[in-house]
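Single-structure report; data block below.
Labels for the chains are A, B, C, D and E, by order of writing; each one numbers its residues from 1.
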Amino acid sequence: MSTLDVGGYSPREKGVAGLLGALAALLLLAVITGFLAPAYLLYLVGLSAMYMLLSMGLNVQWGYGGMINFSVAAFFGLGAYGTALLTASGSPISGGVSPIVALFGGLGLAAVLAVIIGYPTLKLRDDYLAIASLGLAEVVRIFILNESQWTAGSAGLTGIPLFFSDWPVLGDLTYPYVFNVGGTSLFYMSQSVVTSALNVVLVTVIVAAVYLFLRRIHQSPWGRVLRTIRTDEDLAETLGKNTFAFKMQAFVIGSLIMALAGVFYSHLVLFVSPQDLQPITTFYVWVAVILGGTGSDRGAMLGGFTIVAIQQGTRFMTDTGALPIGAAPLRLMLVGLLIIFIVRLRPEGILPPERELIWPDSLGGGRNE
Amino acid sequence: MTDPILTVDGVDSGYGEVQVLDDLSLTLGEGEIACLVGPNGAGKSTVLKTVFGMLEPWTGSVRLGDREIGGMAPEDIVRIGVGYVPQTENVFGSLTIDENLRMGGVARDGGLDEVVAELYDRFPILDDKRTANAKTLSGGQRQVLAFARALVMEPDVLLIDEPSAGLAPNTAKEVFDDVETVNELGTSILMVEQNAREGLGISDRGFVLDQGTVKFEGEADSLLDDPEVSRLYLGGESRR
Amino acid sequence: MSEQSLVSDGPILGKEDPVLRAEGLEKRFGGLVATDDASIEVERGTITGLIGPNGAGKSTLFNLVSGFYEPDAGSVAVNGVDVTGKKPHQIADQGMIRTFQTPRKPEGMTVREALLVGPHNQTGESIIPLFTSPDTVEQEERRSLEQAQQMLERFEIGDLATQPATDLSGGQMKLVELARGMMAEPDLLLLDEPVAGVNPVLADKLAGFIEELNEEGITFLIIEHDMNFIMRLADPIIVLNQGSVLVEGPPEAVRSDERVIDAYLGGPSE
Amino acid sequence: SGGAPEDGDGGDGDGGDGGDGESTDSSTDSSSETYTIGMVDSLSGSLSAFGQRNQRGKEIALDDINSVGVGGGELAISQEDDQSTSQGGVSAAQTLVNQEEVPLLIGTVGSGVSTAIHESVVQNTDVVQISQNSTSPNLTNFPDLLRMPPAGKAQAEAISTLLDEDDNESAALAWINNDYGQSVGEAFVDAFDGEIVYNEPHDQGQSSYSSTISSMADTDADAWVFITYQPEFATMSQEAFDLGVTDQAAWYGGDSVKGPKVLESAPEGSLNGMKAVVPSVPQDAENYQGFVSEFEERFGEEPTSWSAYAYDAVVVSALAIEAADEFTGAALSEVVRDVTRPEGEEATTYADAHEILANGGSPSDVDYTGVSGPIDLDENGDPVGLLQVFEVVDHAYESAGFIEG
Amino acid sequence: MAQILQYLANGLVFSSIIILGSIGLSLVYSIADFANFAHGDTMTLGAYGALVAFGVFGGLGGTVLGLPIGFFIALAVGMALAAVVAVLTHILVYKPLDTDSIGLLITSIGVAFVYRAVLQASFGTDFLQYDIRRSGPIPVLLDTLDVAVTQRDVAIIVSAAVLVVALHLLLQRTTLGRKMRATADNPDLARVSGIRTDRVILVMWVVGSALAAAGGVFLALYSQLDPRIGFNILLVVFAAVILGGIGSVYGAMLGGLLIGMLHELTPLLGDIGLPISNAYAPAVAFVIMVAVLLVRPRGIAGDMT
């Protein structure tokens, strides 16, 4: 913490950026050489972006405000179910609504639930909040599982359209899509590549918007109050801060971001079922936030990426193993060991927060050390 | 000065990479009370923590009599007759007063009940609250408990960090009296005190610490009389 | 004897313009009565001292008036508004801020960040203005930063501004706690032993600083065992004993009151 | 060699690869072409017990196929784990379809997961998907999602018929709370004419189901019907025994409550009289017997029907490759149904079927009848499946006849 | 009436298992100061340890409460194994870590994966069982009270009670309990007072994981054994610990009892006419738990500040 390089980038950040750059180059190379199929890569990018959103959302709750929310999967699921119930052809209640409208449906559902869950539980502290939120998340899951007249129950929802399905040009592409320049077709792309590419564009826009939004609200007096609440709620109270209101705001914002991830997931995977609300997703997102660096937005993004890298990377790692142990346990073990080693090597996460929560422009006057 | 029982010799120490103590040396004579004074952040508490093994000296040595104790673990240092009262977080909040006192004596071989009973006699403020959790104590009561906890071991050398902070004048007097009593019973005492005049008043020798080194040292009385020391470190007059 | 008569038995009530008025406060913990029918008034513009033996109930009284404890009986009014049973932040909104006897450790914050939380009702504490009026936020923030830096320099810890607020000595933490309270610029500031553990030379300077702020219009209610400090600053001084007000009066009179000497000051040391 | 650790290796000199995320099983002569198809299986997670059995079936199938050869070359299977979740399944299928570009995908166990894979990866491509284990009736709605086991609907109807035959007028139904349990349960309720006095789901993987059992015992149903998995049923049967209510009603079950483990763990005699309807083949069919003995020899236990389905999924895939003009999804999907349809000559082993095709037979000249039954994939991708009724007699399963699905 | 008694009896058995799990978790929670997500898999580990040992000692003659003597030896072996593994994990993984309690929590998820991977690799994922015959309900109780309780149930309850009492004595009659609480409260001050906190923490791991293992063994005895049993029950165990009040061993017992009972008593809601199906049993338990927390935000045995 002694080197507070306000505004600039710390050596650690530069290091991580360099590493990511190198990785991106490597992946690009892999695609060009045909080692990695573009559609698959794009799918992985979409998946990473989804985890980035989830961990950014959790970071607002836990990293900013110290709220141990174990209902990540529930909010993710609500976003996913919200949009799926409105758009899917297989939806028991509605279906056929335009995805862009449904987006707000999903978010609205999550916001309402965030307030309902938050109202009683945000008064609890620490671990009590954790288990209460976990419990309520289970209630949501069990509800979706059992009330099949509204949710299609365990069968899940099929027939979800692509996000751009009813957009003017994007919705009417024909496949394979031929890329024409001046009458000569340059290259063509299969449907899965185009679909994945569009998904990646969509999610990149979402991630960027969320990140910029968060950066502004985090490095501000608002973010600072939350950090105070995180370490000592009583202190914030005596200083006249309405801690409950602040926590509620952060809780709702975080939940909305998670729901956004869910909405995206629905249109990426085109199928949702109560399984998607299993607590295991919550655990993975927690791991992502901690590995990334609690309290840092960039860390959260990196963590989201890391968790996908671990999940998918171990798929390939287990290929090479001539070990006398099956693929599944081997992979489980690798995931476990990777988690242990990252915490060991980077106890504060890969990119822990290094900035003071002070409005950046107000430090700019060169008055700095 | 009597034979040194505790010697700190050329010690550098600090937290993580941050150095606080800079080639610091001081000695505590057998049977003496010595008082450490100085501005906030001078490194007084750091000296005690380093002696007591909470911090490892980076260089130099810490000796108890002839024995090197620098870097020894606190739980072992307790067992060779050194006691320590930290400045902050010095009671077990979730344990009762009685349990706190008994925890002070885990390294004792026996006679725990007697010592504890005696301490209740000496500090009636604690006797009233034997079964209360320490976190319900007032600031001053807590301070007294912390002091009493360290006495359970009946140490040869006692390190006390600001025993009078937060104490009402009457209680502070009692505690200072107790420090003297304990000392008369044979315990050598190294004490940090912001209430510098009172602290030096009951001490044999004093050290003025600033920025991690000893700026002045000598007989307690001569420090009290030194106008420069007074102006820079002790403030106008007795604080009570 | 003339001084003695200046001392009132129990609290002086019915002051002209009290910022804080606490009436008949009672708080029990199990069988223990920590405050027992305690009433105090703090007159606007004063520096009022609150002293009393360890365990007299001073901090409990602070907790009661600031909303941390729910009183078993009695009422509290700040600036004429009844705040009994209100949340701490609602009471702070009425213009009263307190500090803690045991300093709070803001983890993961630098010293100046910890101070910047102090100012009350910052524009940037709401989300919308962060996007609609960033300039106002920036200006406020600049002002607070400057003020924080000045404050830290006065407290002789200016060089610690960007240090983690948890890596401090015991005395330094108390200073940060005090400085943050002052940043809030409330009508009434309750200080719980502000200079316990603070070097006497610095404590003298702080006394001067408190006087300055007082002249600028901040009222103080200060608990302190440091007689020099409190006798120099405070008038009147309220003495609490066993949960209720023993006497109230001007410092010199209180200091020579027999009851106070018995209960609190103690005889001259032998 | 499958993902399951104690599988050991296939033995007879082929493919000595140990662990595999994507194992490539191949035989020693490698001069000829290798056809790689994909397989998504539940190697970890809540359905991993099924996945483990599938792996064994798959292994035997590969050996049988590669000892004969396919398309002049050999068959290899790229293996991925779905972790029993739809997210995992989609990722696994993405790897196989988009990264490894397999034209045919076997996958997977859970009905929900199979659907997820189909919806997000397979649909709108010409990749052929054959689920090895999914029985949910919902899958019928996806005609190009093929599967080996018969839809649970047939099973539910068969159970209902059995109940009628045994003069049960009321039934208590406990179903596992997932796609399989829900849909089979619903099908049973539709089919059963008697009164349903209890109809409740239960969660998978609980340590105790005594509340379910107690509630069932509270009713005076003539028959108790269990649509659940083996571990859950094992727990229930033990708890019923402990509560002393085993004899209160006649017990019936769906396919996945029958298994040697269940009998092993149930107290001696406690399950006597229970009937289970299981998709099956005539026990005495020669090919099935061969499969059983091979399986027992390798793994020291009897196969379940799930292993048989996995076996047939691999064989059908190989036959499609043999029959198709080229190794593409489009070509495979044209022939994959045909090789199982009853129009052709019945072949009960891969070798026989291969021979017909190799001698110039067209796809519809073959009617592969697998170790799991006639298969006969219809236009919805569902097999005709044969159902067999088992009854527990003297603490052992005894066949009590067959029902055509 | 008999119905309620029956539910209560079921609840008592289930509670005994939960209690064993939750005491151990609570110990670790308060002393090592983190929510140990590997606790469930420690339970599983113990159960498999006992399975292997039962293969060796199972044949030993004589029965107690319908269980062969060999079973109790196997139980002890399972407990010892879990203790050894936990201590090794502490030394190799947790101790060298320089992180906060959430970092430890995440690490413990990693540890849980490793334990499970090892079990899965060595025993497969199919379910297994101790080879002990079930004997059905005890006739006397069935006849007189119309309540079905098996010898095995009694054995589980009695063994859990014995272990709980032993722990109680350990905590109350020796200074160990006090030292544990002191270490949990303030490890630095504990060392200053002369407590060898390293040892206290080791003992804590030994006791906590041995109890977890016992819980796992009984769980496996009660239903059956697969690599996920411990993990599947972990959520419930956590709920018990938190409901009881984090850090309070006695609270954990109370919480375990309550959660176990709630879990088994849900059918009662249906019996008294509420339209709540058994599918909502876990949901009901959680909702009640949240409700309790709202009234007592620090758990049943937690203090009210």
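Everything below uses one rule, namely that a contact is a pair of C-beta atoms (placed from the backbone, for glycine too) under 8 Å apart; a residue touches a chain by one contact, two chains touch by 3 or more.
Going by UniProt, the chains are A = Branched-chain amino acid ABC transporter permease; B = Branched-chain amino acid ABC transporter ATP-binding protein; C = Probable branched-chain amino acid transport ATP-binding protein LivG; E = Branched chain amino acid ABC transporter permease.
All values derive from a computational prediction rather than experimental measurement.
Note on connectivity: the fewest steps through touching chains from subunit A to subunit B is 2. In summary, the chains found to touch both subunit A and subunit E are D. Among the other chains, B has the CA centre that is most remote from the centre of subunit A.
When each chain is reduced to the average of its Cα atoms, C sits farthest from subunit E. Once the centre of each chain is set as its mean CA position, subunit C and subunit D turn out to be 74 Å apart. Averaged Cα coordinates give subunit B a centre that lies 44 Å from the centre of subunit E.
Chain contacts: subunit C has no residue touching two or more partner chains. Residues of subunit D in contact with at least two other chains: 4-5, 44, 48, 51, 177, 201.
Contact with two or more other chains is made by residues 2, 145-146, 325-326, 328-330, 332 of subunit A. Remark: the chains found to touch one another pair up as A-C, A-D, A-E, B-C, B-E, D-E. Those residues of subunit A whose C-beta lies close enough to touch subunit E in the complex are 120-121, 123-125, 127-128, 130-132, 134-136, 138-139, 142-143, 145-146, 279, 283, 286-287, 290-291, 294, 325-326, 328-330, 332-333, 335-340, 343-344, 347-348. Across the complex, subunit D meets subunit E through its residues 4-6, 44, 46, 48-49, 51-52, 177, 200-203, 205-208, 210-212, 214-215, 218, 230-231, 234-235, 238-239, 241-245, 261, 264-265, 267-268, 270. Within the complex formed with subunit B, the subunit E residues making contact are 175, 178-179, 181-182, 184-186, 188-197, 303. Within the complex, the subunit A residues that touch subunit C are 1-2, 4, 216-217, 220-222, 224-225, 227-228, 230-232, 234-243, 249, 295, 353, 356-359, 361-363, 365, 367, 369. Residues of subunit B touching subunit E in their complex: 52, 54, 73-75, 78-79, 84, 86, 89-95, 99, 102-104, 106-107, 133, 149, 153.
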